[in-house]
Every structure is written in C-alpha cells, then in structure tokens.
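Quick one: this structure, given as structure tokens, is what I'll be asking you about.
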Amino acid sequence: MSKDQQQVIGWTMPELASRVAMDLEDGWFVNLGIGLPTLVADFIPEGREIIFHSENGLLGLGPKPEPGEEDMDLVNAGKEPITLRPGGSYFSQSESFAMIRGGHLDAAVLGAFQVSEYGDLASWKLPNATLGRVGGAMDLTVGSKRVFLFMQHTSNKGEAKIVEECSFPLTAPRCVNRIYTNLAVIDVTDDGLVVRELAPGVTFEYVQECTAAPLKLHASSDMQSEALKVQQ
Amino acid sequence: MIQKKFENAAKAVADIQDGATLLVGGFGGSGLPSYLVAALVEQGAKDLTVVSNNIGAVSDGVAALISNNQVRKIICSFPVGPHADDLIERLKKGTIELEIAPQGTLAERIRAGGAGVPAFYTPTGAHTELGEGKETRLFDGQMHLLEHAIKGDYAFIKAHRADRWGNLVYRKTQRNFNPVMATAAKTTIAEVNEIVEVGEIDPETIVTSSVFVHRLVQAEAQHEGKVLVNE
Amino acid sequence: MSKDQQQVIGWTMPELASRVAMDLEDGWFVNLGIGLPTLVADFIPEGREIIFHSENGLLGLGPKPEPGEEDMDLVNAGKEPITLRPGGSYFSQSESFAMIRGGHLDAAVLGAFQVSEYGDLASWKLPNATLGRVGGAMDLTVGSKRVFLFMQHTSNKGEAKIVEECSFPLTAPRCVNRIYTNLAVIDVTDDGLVVRELAPGVTFEYVQECTAAPLKLHASSDMQSEALKVQQ
Amino acid sequence: MIQKKFENAAKAVADIQDGATLLVGGFGGSGLPSYLVAALVEQGAKDLTVVSNNIGAVSDGVAALISNNQVRKIICSFPVGPHADDLIERLKKGTIELEIAPQGTLAERIRAGGAGVPAFYTPTGAHTELGEGKETRLFDGQMHLLEHAIKGDYAFIKAHRADRWGNLVYRKTQRNFNPVMATAAKTTIAEVNEIVEVGEIDPETIVTSSVFVHRLVQAEAQHEGKVLVNE
C-alpha cells in the first residue's frame, strides 16, 4: 500500500467514506463489509439515522468502545469489539441471513478484488489461493437491495480492478449498483458503466486510463466534485 | 426430575465416537464453547466432521481439533485466520477435506436440519465456484441452488445462562451460530456461565427453549474470557 | 355422546388419561391435541416432569387459570386460556413448527376419526365435509418421535374407528405408534395391531368385535389391567 | 429521523389496493390486529388474497373481511369456527377460493418468503389430499412435498410494545404468526399497545427487529381486550 500513488490521487479513504455516507438515506438499514467500508459509519450526515447491520447478528452497530471498555461478547463481522446503539437488537445467524437473503437491507457497502462492467463482483478468493474467505459476501450481494463497492480504483500493483470480465472467482454476477473509488463514483447501468462524479483534480480521461472497461460520462457530471466536507 | 447438568466437560463429551458429526458454535472467540472443545481435544475422538463458521480465528476453537488430527472434514464459511496453517498443511497432504459454504447458506442448512426441512433453494452462490456441481432451478427467472440440511450427532454451544430444564439466554453477539446449532443435533451440549433454577429466567427472554438442550456444563473460570480477538 | 354405551364400558376418559400419562417419561416434551387429549396433563405421576408443548407457541403448558385470572394473550392450541409453568417459554409459529417437524417432541397425543392397522391416521376432515380443520395435525403426526392416539374405541354411532384401511382423508400414513381407547391399549407394530392391555372387565374378544382390523394379543397382556389408580 | 408511527389505522391502511396480498397475524383472538382489520373493512379494498391461520374464531378477524366481500382467496390452516358460515356460503357460490395448508407448512412458507428462500421440501402433507398435485421428491426414502414461499404486499401484525424504530416485543402467546409474518411483507404494519422511545426496550428481548416493521399504529382502547375466546 505504501507504494500506492493512488492514495494521494483523488479522494482519501475518509473522504470517500464521507462520499458514500452522503448516499445512505435516512432510515436505511445498511451492512458495511469488513475493512475499508466500516469507515463509512463515522461520516453519517447530522440528523440522519442509518441503522448498521453486522452479519454476525446485530442491528444498530455503534462506534468502537473506549479502550478498556471492550466486551468480547459484542463484536462486529470482523470480530472486532464494537458497541450497540440504543434501538439496536441481537439475533442469531439464521435470522441475520434471513434478513440479508430476504431483501430487507437497503444497501451493502463492500470491498472488491474485481468488478465487471455488468456489475459482476469478485471479492472472496484470489485466483491461486488455497483458501477463499466467503463469509457473508455471497449472501449480501445476492440479497441486499443495493450493492455499493468501496475500493481503491486500481490494485496495489496498479492493475485495473474495474474490468470487462472478472478473471477472479465470482461472488455473484450482475449484483453491483454503484462503485465508489478514490477517483470517481461510477454507476453500473443497463447502458454500461457511467461516471457520475469525478474526484477533485481527476479527469474522466484519467479514470478511463485506470479502468479496463469502457466508461461513459453522465450528462450532469461534467463538474468536478469539490464541495465534499469531511465531517470527522 | 429433569437434570441435564454434567459434572464437567470431560464427562459431557465422553461418549463422542470416532466419525461423529459435530457442530461448533461461535464466531471467532465470541460465543465459542472453548471448554467443551478443550475436553474433546483431551478425549481424542477422531475422523470427525466439524461444522463451524470459522476455524482459524482463535487457537482454542476448531483449529485445536485440526491441529490434533481429529478432523476428517470441515464445513465452514471462513477457513482463514492466524491458526489456519495446520489446515492448509493437511489440505495439501490430503488428510482433511474442506467444504466452503456461504455463511448464510451454512446457517440456513443448519436451521433446515433442526426444522425437519431436508432441502431448500437459495439464490446465494448461483453462478459461482461454490455452486459448481449443485442442482439448480429457476424461480422467477433467477437461478437458485438446491442446498441440503446439515444435522449433527453433537452440537457444542456456548450460552450465558441456563436453567435446570436447559432454557438458554445469550449475551449480545454471543448468539451467532449457537441458537441455530442447538436445534440441529441429536445431542446438544451447552457450556454456560451460570445455571439457575427453573423459573428464574423471564420466559419472554428465552432464546433457546429447553427442548433443544440435552446436556449442560458450567464453564470453568480459567476458560472464561480467555479468548482474544484473533489472538 | 349421551347414547354412547362405551362411556361406561372399560376405562372412563379420566382413567384413560391417567393410563396415557403413565407412559409419558420423565423429561419428555409432549404435545396434547385439542379436546380429550388435554385431559392427560391432569394425571402426570408425582415426581415426573413432563413439559407440554402447545403448537401456537409455547413450551411448559400449565393448568387452566382460576376464574377471573384468564389472560387472552396466553392461550393453548384450542384457543382456551391456560397458564405457563415456571421454566416455560414462548416462541413464534415458525419456531414452534420447526420444533415439531424437526423431531424434537418425544410424543404427540392426538384424537382420531380413524386409524388403520398400519398406523395410517385420519383426523382432520370428515368425508363429506366442505371444510377440513387441519391445523397442526399433519405436522405433529409427521414430526413427533411417537404418535399416541387417545380416543373412544368406536364412533358415537358405534362404528369401528380402528380399520383395515382408512376411508376418511388421511392426516399422515404409517404414523401412529400406540392407540389408547376406553377398551384397550393397542400397539401398531410391523406385525400388525397388538393388544398390550385390556381395560377392566373387557375381553380380547369384545375388543376384536369392536375393531374392523385383525388384532393380536400380546404375550404378556393376558391379565386384566386393574391397578390403575386415577390420581386427580 | 425515523418515524414509523401513523396517526391512526385508517391512514396506515389507506394505500392498500384491490388485489393486494395481505398477511394477518393472530391465533383466534390472541395477537389479532383487529384495529387494522376494522380499518380495512372501512377502507373497502377488494379482491384481496388473505393469508391467516384462522378465519372464523372471532368476528373481528379475517371473517369480517370475508363477510364484507373483500376476499378473493384465503390461505389458512383452520377455516372453521363460529364465524365460518359466510365463508362456506361464498365457497358454495364460487365467489371465494380456499387453500388449506397444514399449520407448520403455512408458517414455514411465510418464513421462506421473508428469508429469501423461494421453495423448500417438507414431509408434512405427503400422501394426503393436501399434497395432491404438488411436486414430490424422496429424501432418505421418505416422500416430501415441494412447498413455495408466501410473501405479502402487506402484513397486519399485533405486538405489545414498539419503539420508534419499529422494534417489537410481544406478550406471551400473542407472538404466534406475528413475528414470522412481519418478515414476509413489502409493508408490515404493526398495531401495538404502546410506543416507546428508542433504547427503552432491552435489546436482548427484542423479538421482531426494526428492519421488518414499516408502519406503527397505536391500538385504540376500545379494540383492546375486546376479543373473546371463540366469542
């Protein structure tokens, strides 16, 4: 990661988390994947109630506990200690995944190894790995009303992650609705990948260069995004 | 008079035979019945089929059974973590079989096992490597996989409090796989922090009903709170 | 019912309930069907803990409440007010029938219109009825570890209810383990119907006469049952 | 800010259209959302498909919708009772369709609808009149029926207490079909005795999580406790 120039091109990860948070509507139930997506919880705009789901069995995920306040019976899907907000609830795995598979979550914000121009997602296994780590990823992508990806635009080695066709094992086909990267916000549409928004200082041409699938520019997205205030 | 309490974990797991199918609750260290697992390592039953979501998050979970060469097959969703090396080594040698299932499919297969449903259809995993070789069917134009129930000969589960009949309540996300695994085994053994008299648990708050629990073991103090996040 | 001579031949219904209760083992989870079978709960031998299940969502069914103490949120499968014993629990219909279908109940004690020599049961619909009342009967007969019938040996009109083949719509085939009637206790075995016990004053020949399927007498059942003390 | 409370039942049911599928909780009078049913009788939507365990135990249950000619099809397990006459009359005239399902199959089909499972196999009903015409399959040598999920456009459920987010707790056997129906409708409307602020319900005791509840209505005093056993 330290060699990765993209860290300083476009949005920082906290800025991107804030950008994702803007699109989560009041009253939504949202699952945040392990790792980067969990950043989103810190940037919910004032006055909005977003209820976060953790697939290990809770709704109403709160912030990390103060040091010394950790409770090993209260962890998130990454097995890290967390807190429960007032109004939260606990349930078993079968209930948690009934919730997911049954289409009750408004959105899942997930990481990705690759995503295709059709919204196919590869996120659970590297091509030559002995072991995959599927966890709840397949259920979340199949069941959530919307699947948002939160990711660096290219891999650590600078390879395109947005591609014409995934070469890595699929998590689910045709499941991604929107891709948030350090460079742009891109919608997966019937008409292909459409750039809705560019990060400050990033050109459409540059995004296309970093992408191994054809992009279109949305009619109303010819302006640079600049007004993003990170509320931390 | 109903009495499900066993003197200790060793006695509660004594009759587990080679070749048994064992469901082990817990998500990482949370809700892991580590006292029962330790007793089974001691007991030594071999050729086990173990069903558990994680295997490598903590050393006193299923990883300990794998390292002790007691496991013939493991069914899980997340076979990685700091203690997965012994699994990888045994997979390469071909002495263990691994079946990866999506977490929700795993949970639902176990629920089906407990609920008398032999098989069900799910969209999860269709068109993926994990769906290969499975029977498929279209519902509303979408491909679904036929998934089969999982039942255990034994389930090891962890709960916070039990009463003498075996009613259980859990603490927070300790529930995870425990309530569903409790329903799906011929013999469910619950490791609990506390056993109280019948009537002391508010009936509105009982999560696992007495009918699902066959043996109770009080967790030993040295096993409580020992488990750390991914160690 | 008032014309029914069988009421006074053999066991009375409370005596029969006591006879059934004797066979329920300590620690069993048992469902009692609507109507006559509910009598069984009143006759559990001292020192035995039997936990009764009600398919509308509880374990630990207690006796009827005192007059004035009825709670309409606490009813049995017959929609009558009941009480909950200490150690009882509540759950939803899906959980209740997961319990039933999943084989977790040790026994169900049910009523019957007809039962065949193979243990086929007909209990939910009369032949010419517009409407049947299936409720949980099919689930209970398929899912319970043991199905016991609690019934008058013949119908109100004196017709045999134990038959070679059911002419009424089936609840489930091959599901009944034991039949308790005012005349006898009869096991359904691979070897046919076997009378294990005769009510006081009732002969094997009389039971056979009231039965439209061949009966055998169990080797050890040549003595009349006489020691049944009704504990009320 | 999340606000699911509607001013009254009339407003909460106002958008229900002709032809909608409606799940109605309750077992007899216990846990019956009678205030919502009364509002729908007033509202008048027709050609409804109604899914409810009982129809005739109490006059202010589904029987009221049948008598008011609002129901095209009814799916239930127990279509008898003191208020079934209007159903029988309409069945004879052919103006209503009746589908009888075993109670456990009914509950499981609704659960499947809420859990994203389009179909499952069950042994219940095999070799019976209720299994006729259904797809069958052997598992372990035993015949099973393929049963399909039930989903509602709306669910009417009754609970004891809600918080502002829609978390619900029930009283005793009031649960019955309510928690499962709550999961299986596009719009779940809960009639409750009390609405409290978020955080006032112990999270360990919540039976129906907020995600399943879309509208809340406070039961009116005159509808509480009105329902008698089979009247």
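Letters A, B, C and D name the chains as they come in the text, with residue numbers starting at 1 for each one.
Note that in this section a residue touches a chain if its C-beta (ideal position, glycine included) is under 8 Å from a C-beta of that chain, and two chains touch if they have at least 3 such contacts.
For clarity, every value in this text was computed on a predicted model and none was experimentally measured.
Asker: Averaging only over C-alpha atoms, locate the centres of chain A and chain C and give their separation in whole Å.
Answerer: One centre to the other, that is 57 Å.
Asker: Give, as an integer number of Å, the spacing between the C-alpha centres of chain C and chain B.
Answerer: Result: the chain centres lie 36 Å from each other.
Asker: Could you put a whole-Å number on the gap between the CA centroids of chain C and chain D?
Answerer: 30
Asker: If you look at chain B, which of its residues touch at least two other chains?
Answerer: Touching at least two other chains: 108, 111, 115-117, 122-123, 170-172, 204.
Asker: Return the residues of chain C touching two or more other chains; collapse runs of consecutive numbers into ranges.
Answerer: Touching at least two other chains: 84, 90-91, 97-98, 100-101, 142-143.
Asker: Touch graph across the chains, line, ring, star, complete or other?
Answerer: Its topology fits none of the listed shapes; call it other.
Asker: Going by the touch rule stated at the top, which chains touch which?
Answerer: A-B, A-D, B-C, B-D, C-D
Asker: In the complex of these two chains, what residues of chain C are touching chain B?
Answerer: 26-27, 29, 47, 49, 51, 53, 59-60, 84, 86-91, 97-105, 142-143
Asker: Mind listing the chain D positions that touch chain B in their complex?
Answerer: 108, 112, 115-123, 139-140, 144, 169-172, 202, 204-205
Asker: Name, in rising order, each residue of chain A that touches chain B in their complex.
Answerer: Checking each residue of chain A against chain B gives 54-58, 71-75, 79-81, 84, 90-94, 96-98, 100-101, 125, 130-139, 142-143, 169-173.
Asker: Where on chain D is chain C touching in the complex?
Answerer: 27-31, 53, 57, 77-80, 84, 87-88, 91-92, 98, 100-108, 110-111, 122-130, 160, 170-180, 207, 225, 227-230
Asker: Any idea which chain B residues touch chain C in the complex?
Answerer: 1-2, 111, 113-117, 163-165, 167, 183-184, 198-199, 203-204, 206, 209-212
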